[in-house]
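Listed next: structures, encoded as structure tokens.
The two complexes that follow have subunit A in common; it is paired with subunit B in the first and with subunit C in the second.
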Partner chain A sequence: MIFGLFDFQVILDNAPELLKGLKTTLILCILGNIISIALGTIIGAARVSNSKLLSNLASAYIEVFRNTPLLVQVYFFFYGMRFEPFLAGLSGLCTYTSAYMAEVIRAGIQSVPEAELKAADALGVSPLNKITKIILPQAFRIILPPMSNQLMNLTKNTSIAYFITIYDITYVFETLSAETFKFFELFVVAALLYMIICWIIAIASFWAERYLYVPGLGSIEVELEH
Partner chain B sequence: MLLEDKFNLKSFGLNLIIRYNFFLKEQPSLLKKTITARRVINTVMIKLEQVNKYYGDLHVLKDITLEFNKGQVTVIIGPSGSGKSTMLYCINRIEKVDSGKILINDMDIFSPSVDISKIRSDIGLVFQNYSLFSHLSVLDNITLAPTTVRKLTKENAEEMAYELLKKVKLEDKVYCYPSQLSGGQQQRIAIIRSLAMEPDALMLDEPTNNLDVDMLKEMLDIIKDLSSMKGMTLIITTHELNFAAEVGDRLIFMHDGKIIEDSTPKEVLFNPQNELTKKFLNQRLDGRFY
Partner chain C sequence: MTMVIAAGTLIISFPLGIVLGIMRSSNIKFLRWPATFYIELIRSLPLVLYMVFVFLTLPIRAEGRGIFTLSTFTAAYIAEIVRGGLNSLDKNQLKAAYSLGMNRFQVYYHIAIPQALARMIPALINQYNVVIKDTSLVSMGLLELTKAGKLLSERKALFSMEIILITAAIYFIICYGLSIIGHFLERRFSERFKRSI
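Up next, the complex of A and B:
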């Protein structure tokens, strides 16, 4: 059953079902990542804002959603708020990941040297231009590696959608293996699919890092390569 | 004590004269140019009226009343923590004052109706630690403010940047990033980044810090060029007394947030009136601390 006896037939026979599961996972992953980044940016920016109220609200959000399990959050939206399965899964993933993302983005924003912002002030650069031309480009280079980690975490966490009957990769493979008893084959392929999605994110992040490389900024590994 | 003071000051004066002569021999044409071309116009550009500034409990600026004339080169000396830098920050409104007024061309910069962006682009400020934007190349560092604040086209701004870079002999560093430049090079880039805004006045916070003797002379040339060619109003803080003597029309000694002496460099350095000034000059002279 282990090597040499790997049954490809069961994979090929159920390909349409598997692809359907993959599609749901991909949608969940892409939407989740986009919303998490957007939400995380807003909350991260609020966290470092001068307004006490905004900063405290953002802190409260981060504390609540970072310190509770993902499954509890998903169940809360599903059973507690009575959301549709897909919406509940997406909401849980987004609240959980955006709390982490907010912390990553806060650290990125705070890594921009105060002196450079003062220099921009001294040149008469407007606050909006200061954000778009100095803070964001620098912060983005710093947060790229930890951010791609969060994106990959979210991708793998989509498997939790299985618990609330979303038809994702894990769900499809679970039901198929219960029917065919080909547990080994099916779960190896499931793992491979998750790996491939994560690889794509990792490679994209790697290329972005190289493309945006500036001497003296960003991660050390890239610096050594040049 | 008094005798010792006198002796030290004398040897200090001697030192200064030697340095002067050395400089004259080295670049006689430059000095001549400076002497003939420098003209101080007696119109007030920057005016401080009883300015007080606190950092928490610390009283940094104590009732400062000062005027800076157009085209004048003012050098401010004084020990660390005497409020020199803070005063420059206040004139640029990087720091707020707690009481008093700062007028630039008769406009109160702290009144809410004032366009601070305009004032800041008229009065450049170069920081002690250069503070170049680390993610931008030298060229982008220089053109960022002209394109976003003065709304110049990219071509015009870059043309001006090249011209300025040529003046400070750094035209081969256009595409370098700040981390690839030496301290002195970063310093010069920071100065021309401010000059690209074509300001009427320029404030330099410790431009001589961390510069070796060769670099010091280059910095001297740049500053003399600014004052003589463009007639720019300059306010410079420094620890280098020789440098102060050579570039300044006027020398101010600050101590503990107060103006102690305010006269010509010759008067302040050779004939100081206040005990604090004498003490400070002595320290500078032989490196002893009291």
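Up next, the complex of A and C:
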């Protein structure tokens, strides 16, 4: 009965368009994730640094971009700075997500106990080794679950590109359903495409977590509960 | 405009979210499964896609569509917060209440919900912070775009730099204020929680 109502033909007919939208969304998603992790790491590190100036600048950045809507940021780059649509969307996504990412990374770095750093100093570990051998391996394992959360948020947020005429999945959905009036079928397909991307991220993060698992080192949620 | 939509969303999504959250954590399968399905479905959708779908299909006024989208969307997130709050309760208290002869409704109304609410407040404030930011999608995105006759390939100044900066400042003041209140409440609740243990 429900399969009778569900028109697969319209999906097959428009598959090239949908794939084109998927390609744009994927590029936005991958570039956005890489850039916002890099930016977030720098800002998160600046946030916990000893320098008053750096830490204040970083927290100003975090507060400003976390407390303004993503759409306003994207419009700022699109209408305000007159960027190309794709670049504007990417910049908006990166500034917004990197602010959240910075908070996640700050929490990860701060979760390494102070005493361990003092012990490292006492043992004469060099500053570089302290970061690469002590802080990062521990922080990374703790950061992983909330970070994959942010990556999935970014994936869903790429749909904002619709507002600035980027040809992504949402835009394809809107134009195609205006042409064919098959709202429901196209909506299901578009939603499934987003879900698949999110599932891939979730599974990857699950595997990474398992692979990096060290007994006795809990995830950040466990830390917060205690 | 933003405030109308945010207020409407708040009023509708809160009870809806509580009902869904209780259904989600209930023992009855007929209640739990639909709620779980709804919550998982909504949480895995991008808001913009859902919003465009609703705007294309629902034949009511634009403000109503905005409120409908945001409140059904937010309710799923609130339901998860409610479930978290209910899960954090001391199970023995509920058992004690049942053994005192209270019925299911009384247990929820007098014992479970007041305690869970107190613990949920920081998370709820956080969620409404997100809602206020998301109203921009309705008020600045869809409404403006539909008014402006849709999609501007040559981007005439639909929004100028000044308008964007002022809007950003207004949103910043509201959201930053809310997040400060949230932090304050979180600290107060965690202190009280520690003292009571």
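Operating definition for what follows: the second predicted complex is superposed on the first by the 215 of 226 C-alpha atoms of A that agree within 3 Å, B and C clash if a C-alpha of one lies under 4 Å from a C-alpha of the other, contacts with A are read in each partner's own complex, and residues count from 1 in each chain.
We take it that a contact is a pair of C-beta atoms (placed from the backbone, for glycine too) under 8 Å apart; a residue touches a chain by one contact, two chains touch by 3 or more.
Computed from a predicted model, the values in this text were never measured in an experiment.
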item: Partners on subunit A (subunit B, subunit C) - clash or fit; value: fit
item: Partner chain(s) touched by A:60 [first = subunit B, second = subunit C, both, neither]; value: neither
item: Touching partner for A:138 - first (subunit B), second (subunit C), both, neither; value: first
item: Touching partner for A:87 - first (subunit B), second (subunit C), both, neither; value: neither
item: Touched partner set for A:214, first subunit B, second subunit C, both or neither; value: first
item: Partner chain in contact with A:71 - subunit B first, subunit C second, else both or neither; value: second
item: Per-residue contact with subunit A, leading partner among subunit C and subunit B; value: C
item: First, second, both or neither for A:174, with subunit B first and subunit C second; value: second
item: Contacts of A:79 with subunit B and subunit C, given as first, second, both or neither; value: second
item: Subunit C, subunit A and subunit B - angle at the middle CA centre, rounded to the nearest 10 degrees; value: 100
item: Touching partner for A:194 - first (subunit B), second (subunit C), both, neither; value: second
item: Which of subunit B and subunit C A:118 touches, first, second, both or neither; value: first
item: Subunit C versus subunit B - closest C-alpha approach in the superposed model, Å; value: 25
item: Common interface residues of subunit A - those touching subunit B in one complex and subunit C in the other; value: none
item: Residues of subunit B touching subunit A in the complex; value: 92, 94, 116-121, 124-125, 127, 129, 131-135, 144-145, 148-149, 177-180, 190, 193-194, 197
item: Interfacial residue positions of subunit A with respect to subunit B in the complex; value: 113, 115-116, 118-126, 129, 133-134, 137-138, 141, 214-217
item: Subunit A to subunit C touching residues, read off their complex; value: 63-64, 66-73, 75-76, 78-80, 82, 155-160, 162-163, 165, 169-170, 173-174, 177-178, 183, 187, 190-191, 194-195, 198
item: Contacting residues of subunit C [partner subunit A, same complex]; value: 44-49, 52-53, 56-57, 129, 133-137, 140-141, 145, 151-153, 155, 157-161, 164-165, 167-168, 171-172, 175-176, 179
